[in-house]
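A short worksheet on the structure shown next.
Labels run A, B, C and D following the written order; every chain starts at residue 1.
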Amino acid sequence: MATELNSNPGLRFPTGLGTSDADSISLLGQDLAADLMGKVGFGELAFWLVANRRPTPGEVRVFEAVLVALADHGFTPTAIAARLTYLSAPDSIQGAMAAGLLGGGSRFLGVTEDCGRFLAEALRDGRTASDIAGSGARIPGLGHPVHKVRDPRTPVLITIAQEEGLYGPHLRLLEGIAAVHPKKLPLNGAGVCGAALADLGLPVEMLRGFALLARAAGLLGQIAEEHRRPIANDVYMTVDRNAVYEP
Amino acid sequence: MATELNSNPGLRFPTGLGTSDADSISLLGQDLAADLMGKVGFGELAFWLVANRRPTPGEVRVFEAVLVALADHGFTPTAIAARLTYLSAPDSIQGAMAAGLLGGGSRFLGVTEDCGRFLAEALRDGRTASDIAGSGARIPGLGHPVHKVRDPRTPVLITIAQEEGLYGPHLRLLEGIAAVHPKKLPLNGAGVCGAALADLGLPVEMLRGFALLARAAGLLGQIAEEHRRPIANDVYMTVDRNAVYEP
Amino acid sequence: MATELNSNPGLRFPTGLGTSDADSISLLGQDLAADLMGKVGFGELAFWLVANRRPTPGEVRVFEAVLVALADHGFTPTAIAARLTYLSAPDSIQGAMAAGLLGGGSRFLGVTEDCGRFLAEALRDGRTASDIAGSGARIPGLGHPVHKVRDPRTPVLITIAQEEGLYGPHLRLLEGIAAVHPKKLPLNGAGVCGAALADLGLPVEMLRGFALLARAAGLLGQIAEEHRRPIANDVYMTVDRNAVYEP
Amino acid sequence: MATELNSNPGLRFPTGLGTSDADSISLLGQDLAADLMGKVGFGELAFWLVANRRPTPGEVRVFEAVLVALADHGFTPTAIAARLTYLSAPDSIQGAMAAGLLGGGSRFLGVTEDCGRFLAEALRDGRTASDIAGSGARIPGLGHPVHKVRDPRTPVLITIAQEEGLYGPHLRLLEGIAAVHPKKLPLNGAGVCGAALADLGLPVEMLRGFALLARAAGLLGQIAEEHRRPIANDVYMTVDRNAVYEP
């Protein structure tokens, strides 16, 4: 090989995540085999990987409750897209999962990040709940297309955060906004998740990422069910057989 | 920046594709602006990029006929997946296109590559049409789930290849197999495309890639139509409203 | 199958793109085999699919010049990502292409859409070149990180548009802005492409899509070259061997 | 809307995963808010979603140890591809994660599935360790490109499986093969993960999916670190500045 790839004095790529040599594997400065495997839960590790600090048990409980809340919402557009992709390319499960995650954009999975970010900016700017509620602007996390009266996830997640002593300024501001908002809209559970994650000190730029991680588990469930009891071909046929040509 | 990124004596990444400096842009050893833009068609360039040689006008005609034949097949699973992804994440058109391409696997877009590869291997091994037809094995490119009598693309593509003097051993072998096959199956147009591309001397490992390139144009059309006259939300609602819980 | 998938009186999915039955395949209201294959170029078809009208020969020439200009820029982050993905999953060429397209976001491929959209909005609002140039705001399409004096694609594309009588208000406004801008920045070729596409009447929401289509051809070239003469493992090794643990 | 999307007598899409109505959200037949959030861990839920049964605490411990083992291996090709994609399209974190997952194919993440599947087929066919070891065929899970003597994950995962009473026929066969294999190769930790997952009764077709889920957490960590302390632009520049044109 023409290229000299060994340790090159001019190049340096720092990382605090995984490194390894012939005898050992490190992750986050820990010995992966001796210190992490069997001792750290998967959700705990995900938190640690992003926040670059090990969470407390209470933080893990809130964090995993959020991931559980966001994992699967049934036949969402992203779940259907993943199943159709698995139908077309069953040899490439990574493609089906990727296709499902790609729907995790502004419209369907975005409210978690949007709500957390909105609250973080409002707190930074010193805005109050009544100021925000009275502004007339759309507030991410307020209202839900299906759960028009009450999103069942909302009180449960708030209770868990309170039990763990992790009910902080983001959740407080969000509840405060809902309490004084003229439209009496319910708090969207996915938005509350964003507030809870922000109260855990997780970076708001990564909140959508946690929704995607949660959804990765849900998509795997969708793909496994598609494997056991397929519906994607029926979806395809339903669309194709009812296609109508219109210029 | 700690890292010295300028030209590094130990590193060397060769390419025959695009390079540029402050004043010029080269592509395939040509001056992009002076020699290619306005002088080379897009299909011609795509052929050149993959085959590393400029195609003749006849080769371009066959090649573009293949791309046209494969661009869009209506509401395929991949088209529906792209539309659902665009519905979920309309701000990220690259995600919708990627989701659509990810269905380009073994089942729906694979026959082009499978047929070309099958014929190339058969020719390499000196097999004859009657040997293959009599083997009882499934032959990629023979038969079509919808066009059970005749795929309308097949005679047209064969005629174009003949007109351009590019009807070669792969197309000949494929037609030969169909002629003697006991089941009287029609030649699948997408499979014929693979044979035609192989007769152009294109590498069989890249044949699926040409189907994907063709499909990229079709997906763009699907996304543009979804933008103008959406159906993805109706697809989603049709599935979601008819979901039935079964353990 | 429990589900009745045949034509269902309550369902209707309109499309003006591809439809087919046992004997024929239609695309854009044309007979695919009789009217399109061998008669319509691939770039021409891509334009037609998105714009829902057949372009004139002059429009095809400008359009294909844009696609050629945007197809490949060498070892961009997206090209490297595609090659690394092909290294990891060589059996799934669709994954490598998708990974490459996913970098087609705001930073590297976005200027085409951003420039076209900016000009379209400025024209709609009746803004003049001097008003815009004097506003102090960043103008998409003005300036280039490498081509600091002149982007060689710019004059060529403008000349082609003029030759074809397709130099319209978007290109005129963009040139006008550059002429009076105090910083004397060159016009970015990718931005000029966006202006030229907008002058063709193509929807500004789809401009990034054309950049992605062009790039799909370039990525295919990158993957084919990676297959012939790989560099991705060298890239990986260069990074891995020079990784340094820092908490 | 012309289309009647409400519950349609002819259509039926069964699912055992998520369903919801105005007042409640169910997942896996449980009340998501009352029965799962705060009570079920994220790894536990992922297992349940795929296996369609709730795992025991011992199964959760083995399963999460596997996910932790596979989450991140530093600057792998997939991690670099995800970072380059984030560099190009920072507004679309789902694209960066998807690009990273797309490298989860046959070469880098495939050994988990390949090993589990190989062992499952060998057990089904009643093959013995010495029969397999003596066959001369390549055995997925045996040998590692970096850990040439011992993969530190291997003994730890086997011990955890034994502690939880979940050391079953797949792990036993794999250890048996290694013990009698003439080449004295170490057991690859990622392969052992596949054997351990197969011993949990998880479907072998989904094993790659678990590796992808684990990697989703690792990719999120890579993207978060790229956000805090970027290296992707240095990678890009290292390649671009050392590009050499060769036809």
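The criterion applied here is as follows: a contact is a pair of C-beta atoms (placed from the backbone, for glycine too) under 8 Å apart; a residue touches a chain by one contact, two chains touch by 3 or more.
It should be emphasised that the depicted structure is a prediction, and the values quoted were computed from it without experimental measurement.
> If you average the Cα atoms per chain, which one ends up farthest from subunit C?
D
> With touch defined as above, tell me whether subunit B and subunit C contact each other through largely the same residue numbers, more than half shared, or through different ones.
Same, since over half the interface numbering is common to both chains.
> Centroid of subunit B to centroid of subunit C, CA atoms only: how many Å?
Here the centre of subunit C sits 18 Å away from the centre of subunit B.
> Indicate the whole-number Å distance between the mean C-alpha point of subunit C and the mean C-alpha point of subunit D.
Inter-chain centre distance comes to 35 Å.
> Could you say which residues in subunit C touch two or more other chains, in rising order?
3, 5, 8, 11-16, 19, 52, 74-75, 89, 91-92, 94-95, 98-99, 102-105, 109, 229, 231, 234-235, 238-239, 243, in rising order.
> Tell me, which parts of subunit D touch subunit C in their complex?
My answer: residues 2-5, 8, 10-13, 74-78, 80-81, 84-85, 87-92, 95-96, 98-99, 102-109, 231-232, 235-236, 238-240, 243, 246.
> Across the complex, what residues on subunit A touch subunit C?
Residues in contact with subunit C: 1, 3, 5-8, 11-16, 19, 26, 29, 52, 89, 91-92, 94-95, 98, 102, 234, 237-239, 241-247.
> Could you please specify the touching residues of subunit D with respect to subunit A in the complex?
Those in contact with subunit A are residues 11, 13-25, 27, 31-34, 36-38, 40-43, 45-46, 49-52, 61, 64-65, 67-69, 71-75, 92-95, 97-99, 101-105, 109, 146-150, 152-153, 155-157, 160, 189, 203, 205-206, 208-210, 212-214, 216-218, 220-225, 227-229, 231, 234-235, 238.
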